[in-house]
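The data blocks that follow each hold one structure.
Below are two complexes that have chain A in common, paired first with chain B and then with chain C.
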Partner chain A sequence: MQNNSMTKPKSMTFVLYLLPSILLYTFIVFVPIVLAGYYGFFDWSGGVSKTFIGFQNYLGLFSDDEFKKSFVNNIYLTFLCIVGQIGLAFVFAAMLNSKLIKFKPFHRTMTYFPSILSAVVIGFIWNMIYDYNYGFLNTMLTKLGMSQYVQPWLNNEKMALTLVSIPLIWQFVGYYMIILMSSMAAIDPQIFEMAEIDGATGWKKARYITLPMIKNTLIVCVTLCIAGNMKVFDHIYVMTGGGPGDATNVMAMYAYKTSFVSYKMGYGSAMSIGILILSLIVIGSTRYVLTRLSREKE
Partner chain B sequence: MKKTQKAISLLLSVLMAGSLGACGTGSQGSTSGSGTSEAKQEITISHYYIEEQRNQDADGDSFYAMLEKYQKAHPNVKITQTAMDQSDYATKIQAQAAVGEMPDVFLVKGSWFNNFVSNKLIAPLNEILDSYDKKDTYRDGIFDAATVDGKIYGLSTQFSVTSLVFYNAKMWKDIGYDKFPDNWNDIYAAIKKFNAKGITPIALGNKDKWPAESCILSALGDRYTGTDWTKSIIKKDGTAKFTDTSFVNALDQLQKLSKAKAFNADFNSIQNNPADEYYCSGKAATTIEGFWEIAYLTENATPDVLKNTKIAILPPVDGGKGSADSTSGGCGWFMGMSNALTGEKKKLVQDFLLSMYGYDYSEYVATEHGLPAPCNVKLDDVSKFPQLTQDYLKLMETTKLTPIYDIQMEGSVIETMNSGIQQLMNGSKDAKTVAAAIQTEQDKVAKKK
Partner chain C sequence: MENSISRPNKIGRFTLGFFGNLIILFFSVTCIFPAIWLFYSSLKTKAEFHADPVGLPQAFNFNSYVYIMTKTNMWIWMMNTIRNTVLSLVLILLIGFIVGYFLSRFSFLGRKTLYSYFLIGMLVPIHALMIPMYVLFNKTGIGDQWYTLLFPYVAFGLPIAVFLVESYMHNIPKEIEEAAAIDGSSFNRTLFSIVLPMCKPILVTVGIIQFFSVWNEFTFALILISKEALKTVPVGLTIFKGQYATDYPRMMTAMLISILPAVALYFAFSKQIIKGMVAGAVKG
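Then we have the complex of A and B:
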């Protein structure tokens, strides 16, 4: 009897325990989203006077080329980050799990370290790396005798988006590495021993044992990565401010500028709802495809 | 036993949640509580004057001087200030405006007035200005950007000139020019000579997107289009269009300058202060900035550079409609008052505003910093000021002012223009495309009115 009540608390207890967080979540996340959805129906420049305009703001999103372009930029960033963050994290995690690597705690700490820095700090560090006159990148190029490649990096419209993705990858690779390492640690070592007896090498072990065994964790990582990149703002705000022109404009940046630089609060609100829906669609479809793919293999 | 443990932990968690809530209201209560103790009255003010930068910011220094004077005269009025960097300030005050919670007194940019007035966030100041005995000392047109439907909504905090050419006379002399050229052919020739010597012809930091537009295009554009065109754009009456040949030509000129390598290569990825460093350290021969640069250079330039710095305005253009002895200027930022104030508090704040930004302010700006101020102040002796300041005062005697684009045009139009200019100067879009994009935004805004 007593044992039972220990393992299974009453549903009332659940509710009471959860209540504080639910209340906080409701007022910090849920209410603002509903309000943004509501404001999206108005022509509103901030302040008291609002004009109801129905779905005009929401429909306007479909014909807004700049919004489309920033969505494409988000997708491009997401793609680079999935490959860069999770791909590298997988490689690093596999290496740290192998017996060949020395000083594992050191490597682990150093790789995770950027994750604890604030985005503004990361932005400034990389601004210094890309700096035209004193930047690390240009200095190295000059030292290596490749001064023909020296350029004001973030001024290059074609490369700017790729360049701002590198700090993002650098910062979060450690985060995914820790998640993947813990999931790899959960794999029964006997499986690896068996495989080694059968003659499997490092790459084959990673491809045919580790990867299938941690695929659920990988799907979670991809989801987190997409969610993170759909709302990316602060790194880009610090490094380029969306420029040059609109080369590194992302959806969150555009929504911010629409609301607080162009004073179109109503349209900005509609846009944030648009970002929410688009993110849900992208995450949902990726998850669907990934789970389908992994199931088919079995 | 287990039951009581459970009960205790539940109680604790509820208490914790409760204390979280209590914390929130508690801390809020104390800040407002300390200000409103019976004997003391409180005025809240938001601005972008950072106290640590007083010595390189003439406006800021004058603001603090006036504030100290007011505090001395009114020791029982508590002034609560919120000060932050200018771009942060713009974000914060816009967010406050969105929820209608304005401080009592706050800085307002010229282009915000339409929005703030239509949202009833800001109070008209005509009644205090009309009864002010020194009203006539204010310069003509200084309230232009703060006037909506004939009413004035803000007191001018500055007499701002946004486009001035600061050039290193010695460096220009070295390549054969006694003074800054009065025609563009010479400028392009000089750009070539400077580049051959490894000197940046013009330092520009356009990462924040406004410098190229506010400090160069505002004046250059007027050379081509004339001021009537700009006024029509500001009024949104549809007569003038950004796609007009004259404006497209101005954009074209800007692109040509960039193509000729007139600017430092990283002009789109650094802010204006790092760009000023090029000039201050003698790596660049010229910089085009606003009047604020005088204080900045005095503080930061090497003595050699400072000694050789001279001031000029952009040269006229062939076939331009604008006058050659003008540059972009006026008042960009105003001090406004919340519309929510009533009764005695309103009276108190009105008095505060006038004692801050009345004639005394201008007198302080003029006598302490030697700068032209919102009110006309006659200076008998300017010789005590640095040479650069004297040169500026002399130049301003003969220079007329034209509207500053980003102070008077709509925010969304300016945003499109600023982004477009970055692409234009990078060479990724041509002048016609950029002009068309700006006009599309202007059409959207005009349709709404």
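Then we have the complex of A and C:
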């Protein structure tokens, strides 16, 4: 019990309590990053023999069209999800905060529900919705007399990525909606009352009062959304496995296939580092731009 | 139309309210409907499902349930998932509580660095670690064991736990521990029998967030476990998919069983769960 307080334990206690957690955390989170950086320098199929090839794997990433394609797919999904998830979530949250909507607790519980399901289940459910022979979508189209639109949805190279984004959007609208609602509920209702006296309408209230008041929360949501979409894997693995062709290939999926299907562990490791850096750049730069933009407006 | 909203125009208000309610209701229904579809389809026979994938079953048929529970590894996977979830939660809460407590209460060399070090973990995209982690686990021999998955689950669960506990501790006055020390309570005793119970609300929040993330975790379970007897429910489902690609009711039954524990928990405590998960997200 030396310095600032009588409750401070001995240094030995500190070590005993903190060291195991620090070691575990370092071993699982940071050692793999260093290892990936190291293995990235080798031509290695996972066996005993490794051949040192310098920066070849890392440089190879820049000329790998499939990697570029999968990165673009990540960005495309991120874009759709920001618009779809946060856009819909904003509209629903604004609606649910108004007095016109009934059964609010019911809507909260229902729209949040998909967020607690595993990506695997979500993926399979949507596989069954898109299924050609017995899928929900095709069955409904036939029943409604629109059988000309019936098709093997996820085999359509042009549409597959967009179709895959729908479950992703759908699953988390409720999640962002609740986040936005809690931030909207914190706005002083008097501001709205005064605006109403001044003749502001529903849309104008949303645009000129709600939006600026919750912009910090919106930035958090966008960041979460980007981080989530840069690492999207489970949904894709289950629904399409990256196909047809490489239409729905995303970075994590490509890294998985490179390492565990083609057994190019060295290249896969280099790719891991690439994914890490790209994700941090994308998240960091959007955060920077958004905070700058929101400050300039003031 | 625009003015009708701000003025006390009853027809405009009614129309807006009507369509607003309708749109929200439609979305709410799409969120729950897939689970309902799984449920009533699981009671159909294969032929019945093929005849009409959307319609209700003609009779209750529990064959799929009997098959899944007796002829497959579902029980094993379920037990593995439950074990992983319970043990991970206990460890995350305990370690997270200890680290969070030390970081918030005491000033020591490297405190700030350590705090940021734990927070950085939230930024690391876990899918970038698949390959090195696979290699690391297999080389050190801790891959493919009953405890294998506890390592990543606890390590990646720690940042949010540390973060939430650390900020929660600021609300608890230091005098409590000082009073306990004066009364002769040892450091360990104060920590676990006085401070720990006071942190219950935030530990519940952490527990809720981590329960769903561990219960549903897929990637680590996919690459770090290859023994059939150690697989978890989400990975098990992908095996089913390969085996019963054409038997939809059976597949849907398996999916329904796999989500049942989480769904039951959700509908029993939805209010607290939503609050907890969102609190974690916003603060994180």
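Definition applied: the second predicted complex is superposed on the first by the 273 of 298 C-alpha atoms of A that agree within 3 Å, B and C clash if a C-alpha of one lies under 4 Å from a C-alpha of the other, contacts with A are read in each partner's own complex, and residues count from 1 in each chain.
By our rule, a residue touches a chain if its C-beta (ideal position, glycine included) is under 8 Å from a C-beta of that chain, and two chains touch if they have at least 3 such contacts.
Remember, predicted model here, so these are calculated numbers, not experimental data.
When both complexes are overlaid on chain A, the residue A:42 reaches neither chain B nor chain C. In the overlay built on the shared chain, the residue A:154 is in contact with chain B alone; chain C does not reach it.
By the touch criterion stated above, A:13 is placed in contact with chain B and with chain C alike. Judged by the touch definition given at the top, the superposed model places A:224 against chain C, while chain B stays out of reach. Within the superposed three-chain model, A:261 lies in touch with chain B and out of touch with chain C [touch as defined at top]. In the superposed model, A:71 lies in contact with neither chain B nor chain C. More residues of chain A lie in contact with C than with the other chain of the pair chain B and chain C.
In the superposition on chain A, contact is made by A:22 with chain C only, not with chain B. In the superposition on chain A, A:244 makes contact with chain B only, not with chain C. When the shared chain is aligned, chain C comes close enough to touch A:275, but chain B does not. Touching of chain A by both chain B and chain C, each in its own complex, is seen for residues 5-6, 9, 13, 17, 20, 24, 46, 133, 259-260, 265.
Touching chain A in their complex are the following residues of chain C: 2-3, 5-6, 13, 16-17, 20-21, 23-25, 27-32, 34-35, 37-38, 49-50, 52-54, 95, 98-99, 102, 105-108, 114, 117-118, 121, 123-136, 151-152, 154-156, 158, 174, 177-178, 181, 187, 190, 212, 215-219, 222-223, 233-235, 237-238, 241, 248, 251-252, 255, 258-259, 262-263, 266-267, 270-271, 273-274, 277-278, 281-282. By the touch criterion stated above, chain B contacts chain A in their complex at residues 2, 6, 10, 13-14, 16-17, 20, 90-91, 94-95, 97-98, 100, 112, 115-116, 118-121, 207-209, 264-270, 411-412, 415, 419-420, 422-423, 426, 428-429, 448. Touching chain B in their complex are the following residues of chain A: 2, 5-6, 9, 13, 16-17, 19-20, 23-24, 43, 45-49, 130-133, 151-155, 157, 240-246, 257, 259-265.
For chain A in complex with chain C, the residues that touch the partner chain are 4-9, 13-14, 17-18, 20-22, 24-25, 27-29, 31-33, 35-36, 39, 46, 88, 92, 95-96, 98, 100-103, 105-121, 124-125, 128-129, 133-136, 139-140, 143, 170, 173-175, 178-179, 182-183, 196, 199-203, 217, 220, 224, 227, 230-231, 233-234, 237-238, 251-252, 255-256, 259-260, 265, 268-269, 272-273, 275-276, 279-280, 283.
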